[in-house]
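Note that the chains take the letters A, B, C and D in the order they are written out, and that residue 1 is the start of every chain.
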Amino acid sequence: MSAATRQLTYRDAIREAIREAMQKDDRVFLMGEDVGRYGGCFAVSKGLLEEFGPDRIRDTPMSESAFVGAGIGAALGGMRPIVEIMTVNFSLLALDQIMNNAATFLHMSGGQFNVPLVIRMATGGGRQVAAQHSHSLEGWYAHIPGIRILAPATLEDARGMLAPALEDPDPVLIFEHAGLYNMKGQLPNDAGPVDIDRARVRRPGRDVTIITYGAMLWKALEAAESLEKRGIEAEVIDLRTLRPLDDATMLESVGRTHRALIADEGWRSGGISAEVSARIQEKAFYDLDAPVQRICGVEVPTPYPKHLEDASFPQVETIVAAVEAMVPAHV
Amino acid sequence: MSDAEIKNAVFKILRRIAPESKPDQINTDENLREALDIDSFDFLNLMIGLNEGLNIEIPEADYRKVGTLGELMRYLASRLK
Amino acid sequence: MSDRVTIQTPMEVERSHGIECLKQMVRIRRLEERCAELYTATKIRGFLHLYNGEEAVAVGVVQALSPDDAIVATYREHGHALVRGMSVRAIMAELYGKQEGCSRGRGGSMHLFDAKTRFYGGNAIVGGGLPIAVGLALADKMRARPRISCCFFGDGAVAEGEFHECMNLAALWRLPVFFVCENNLYAMGTRLDLAQSTTDLSKKAAAYGIAAEAVDGMDVFAVEAAAQRAIAAIRGAAGPFLLECRTYRFRAHSMYDPELYRTKAEVEEWKKRDPISNLASVLKQQGMISDSDLNAIEGEVAVELDDAVAYAEASTWEPLADLERFVYSERRPA
Amino acid sequence: MPSLGADMQEGTLIEWNVKPGDQIKRGDIIGVVRTEKADIEVEVYHGGVVDQLVAKVGETLPVGAVLAVIREEGEAAPKPALVPPVTRLRASPLARRAAQELGIDLAQAHGTNPHGEINEADVQRAAEALRKAPPEVPAAAEFRAGIRRAIALAMARSNREIPHYYLETKIDLSRALKFLEAQNQKRSVKDRLLHVILLIKAVAQALRDVPELNAYWVDDQLQQKEAVHIGFAISLREGGLVVPAILHAGRKNLDELMQALRDLITRARSGRLRSSEITDATVTITNLGDLGVETVHGVIYPPQVALIGFGRVIESPWTENGMLGIRPIVTATLAGDHRATDGHRGAQFLTALNQHLQEPEKL
């Protein structure tokens, strides 16, 4: 076992993926605020500057719109940029470039100009960094046609999603939950690329399907453990790709369990949870034995104090309670 | 067959045809169809029932002779002798 | 009349080049006039921003570029596309929304694209194209390709954060970006001095350590000469350059614009500096061109435009079944 | 949700004409319901005050669900409109689908979802229980209540929409009854024919002569029907009546007709009619002869366009070929929908009916 795997963190896994991509393809470079000398806000790119030099590990000024747009231009110019935006909240300063340029160029040009760009950013809360550093806006981005939205939750995905994202001819946004960077785990030594199209069943179950992604996956799995002790077998699906959504996997699962709960750290109104719920009800209505339920972030800008922040995000206990309210006692 | 036996047999058939009726409370001079609110179909069923239960076949021509419960009882009694 | 002519007498300009510049400007002017006509006939729909009056800028700058340089333009980009060498047929079909158009009809007037001539679109977000040009230049620099990226934008874009971010970034990384500000004095309907604390826009470059020049945008040779100087500086690895071309648009901002924000007298005053008629006068004065030459140019341009309109008319609509194409690339790695 | 046809299982409320607090009187139209067949106005049979609109516009509800609660004047407790209070069963979509597939009435399932809703497993359990203990026929009273409501609605609609015309004629039945007597003499008691069988058969044959009366009036158009399905009004012992159809009456001989009628009457009175028998009639016969009535002026069942009524057979003076005699006479009436046919056509029908009854051996 120990010969085939090694222990590392989510952060290490991403760094390895970046390093490997840069070694394999000299068109790949990393650009963003403090990715070089600082080592990355979350230390993801630590050490890469020394390895690849300032040309390819490129510190940028605090100009999100310019450097994201420059990433688009560089992609159009034949490069394979990885643009790092420090957090999803800051990405709003570059929203014009992402939405109006990256997502539209292929279409506006009638298929002439694709944009092979990867944008990585940290998302999510739970670190008491308050209302401008904690949000989960990947659901918003998943609204936009023309881009692909990934949310790696596991070491394997953190390690394996970057390579196919760089090979993708179109813009790919990777949302890394900031709470996961320190997560330790075992990864096979030969871990390589993974698909970026399909959701994955992370735990099989019979009685209810919990659909989630990102850091919430771990809370959902913990909830499933707890539910098992109460005689409820929950299936847990990790969406992995928020756009385009993998309808087949979730519908297949709901077709077996007849109950679906969506756990999402993002806000409820108009969020990805709403989209998932709508699709299930559109396509699997007659498979449902209970209304589709959602456990989402409370609709409040993330508060600073821990007790309020904890209350504003779904927790293991709230997932357990939600499932229990959906599943008959005799199951 | 005694009169009581005939009466029992007839009442049994009538109760089947008109379940809510109480044949024993019918005035023997009253027209059966009116008293029991039965129609020609029910009446035919009564004839069939008598045929099956008492093995008596009442021809259509005799229908007018069995208009009341009393008439029916007398008719049956005479046929059964 | 001659005392109003501000065009610097181009003694050193070859006759053939003078005629070429005139013809290119006439092509743009007549194209725009034809567009206005087709718009009122409802052949062209949506937003239509015409370039009349500003032709010297596109002709002067684009002629100074090499074929493998990149261009990023704005929503007022018919002229740039035309001078760049894009087919007028493909442009007209695009304006019609037909699939033979340069963007398969999916862009329309504001979004002309052409990979062959490295024309990276009309961008309809004010300032939105600047970061693209910076990125194209970054790629060239990283790959050590001797190309430059030329970015056109208006005076309105100078007020956008993206302008400042991009000036800084391009200068910081010494990128071969040619920033061409087409200062036509109005950001839509807001006069320059109502939008900018410093109306001398070329001065903005100094804060970023960028070389800059302001030029008379109604004089094609002046623009061309300035562009050549700028491009030489950029190619000399001096980093980006900002060229402010002071010009004026003769027509409204777009087709539905009552022009409440400026006087007719002002427009008439600027029309005396019409880059086309003034160049024609100078060329005639110097005996380089005759009335029959002028008529011949007009005749050729009219034929070209007639042909383009006929082509656009005969072009086809993209089938509805194709609606969702070009959202994602059709070929993805397995 | 009123039943507007026995095969109707649900309807969608598309309009409310009233709001809570409105005074309504018997006969008012309070809303409109969309069924697979048509948009139907909902009429109330109790006056009072609208207490609560339970159903929402756009909501699809099973027959029997409460649409609104109407409070009678001075009455404290709310009283449901149209039907006794039946709350919509709370069942999951999957449970509903399973119930449909298994032919299970959801009411027979016991809901075990956390709030008592019925889930698919509950339906499966109900199905299993039924397999072990075969179901009883739904209470006849309940069935009849539904029938009564359906009749009420059909009649109200007929009265509103159909311009009726009436024709009547007296028919000498002596040949027919003689023929019948001869027939019945040859038969055992249980195979005897009722005289109404001859009337039914004659109507079927006359409809072949005048097919415009064997038709539906739908969307302002006459749709002539090829098959003759004769709705036959059968009174129920506790009151009310049902009008099941003798399917393909024209193709049946007298014995088959008798068998069919016997079967229908038996099942009608035990509440076991099939829905197609309730809805498929193309024309209706009402025979009130047993009740002593002489003449019947019936109300047409929409979308049918004709109803034939027969009264009691009465011994009456009758002249034929200048000779006066006493003959068994029946009064036959035709109620016709004037949008579909006129009196001329109706008269042709009654003439044909008479002719067929004068040649009973050809029936």
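The criterion applied here is as follows: a residue touches a chain if its C-beta (ideal position, glycine included) is under 8 Å from a C-beta of that chain, and two chains touch if they have at least 3 such contacts.
What you see is a predicted model, and the numbers here were worked out from it, not measured in a lab.
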Greatest separation from subunit A - chain, by CA centre = B
Geometric centre distance via CA averages, subunit D-subunit A, whole Å | 63
Just curious, how far off is subunit B from subunit A if you go by their C-alpha centres, in Å?
-> 87
Cα centre of subunit A to Cα centre of subunit C, whole Å, reads 41
Mean-CA-position distance for subunit C and subunit B (Å) = 110
Tell me, which pairs of chains are in touch?
-> A-C, A-D, B-D
Residues of subunit D touching subunit A in their complex?
-> 92-97, 112-114, 117, 119-121
How about subunit A: which of its residues touch subunit D in the complex?
-> 258, 285-290, 324-330
Subunit D residues touching subunit B in their complex are 181, 184-185, 188-190, 192, 194-196, 235, 237-238, 261-262, 265, 289-291
Subunit B residues touching subunit D in their complex are 18-20, 33, 37, 39-41, 44, 47-48, 51-52, 57-61
Any idea which subunit C residues touch subunit A in the complex?
-> 70, 99, 101-107, 111, 113-115, 120-121, 123, 125, 128, 130-140, 142-143, 149, 161-162, 165-166, 168-169, 172, 325-333
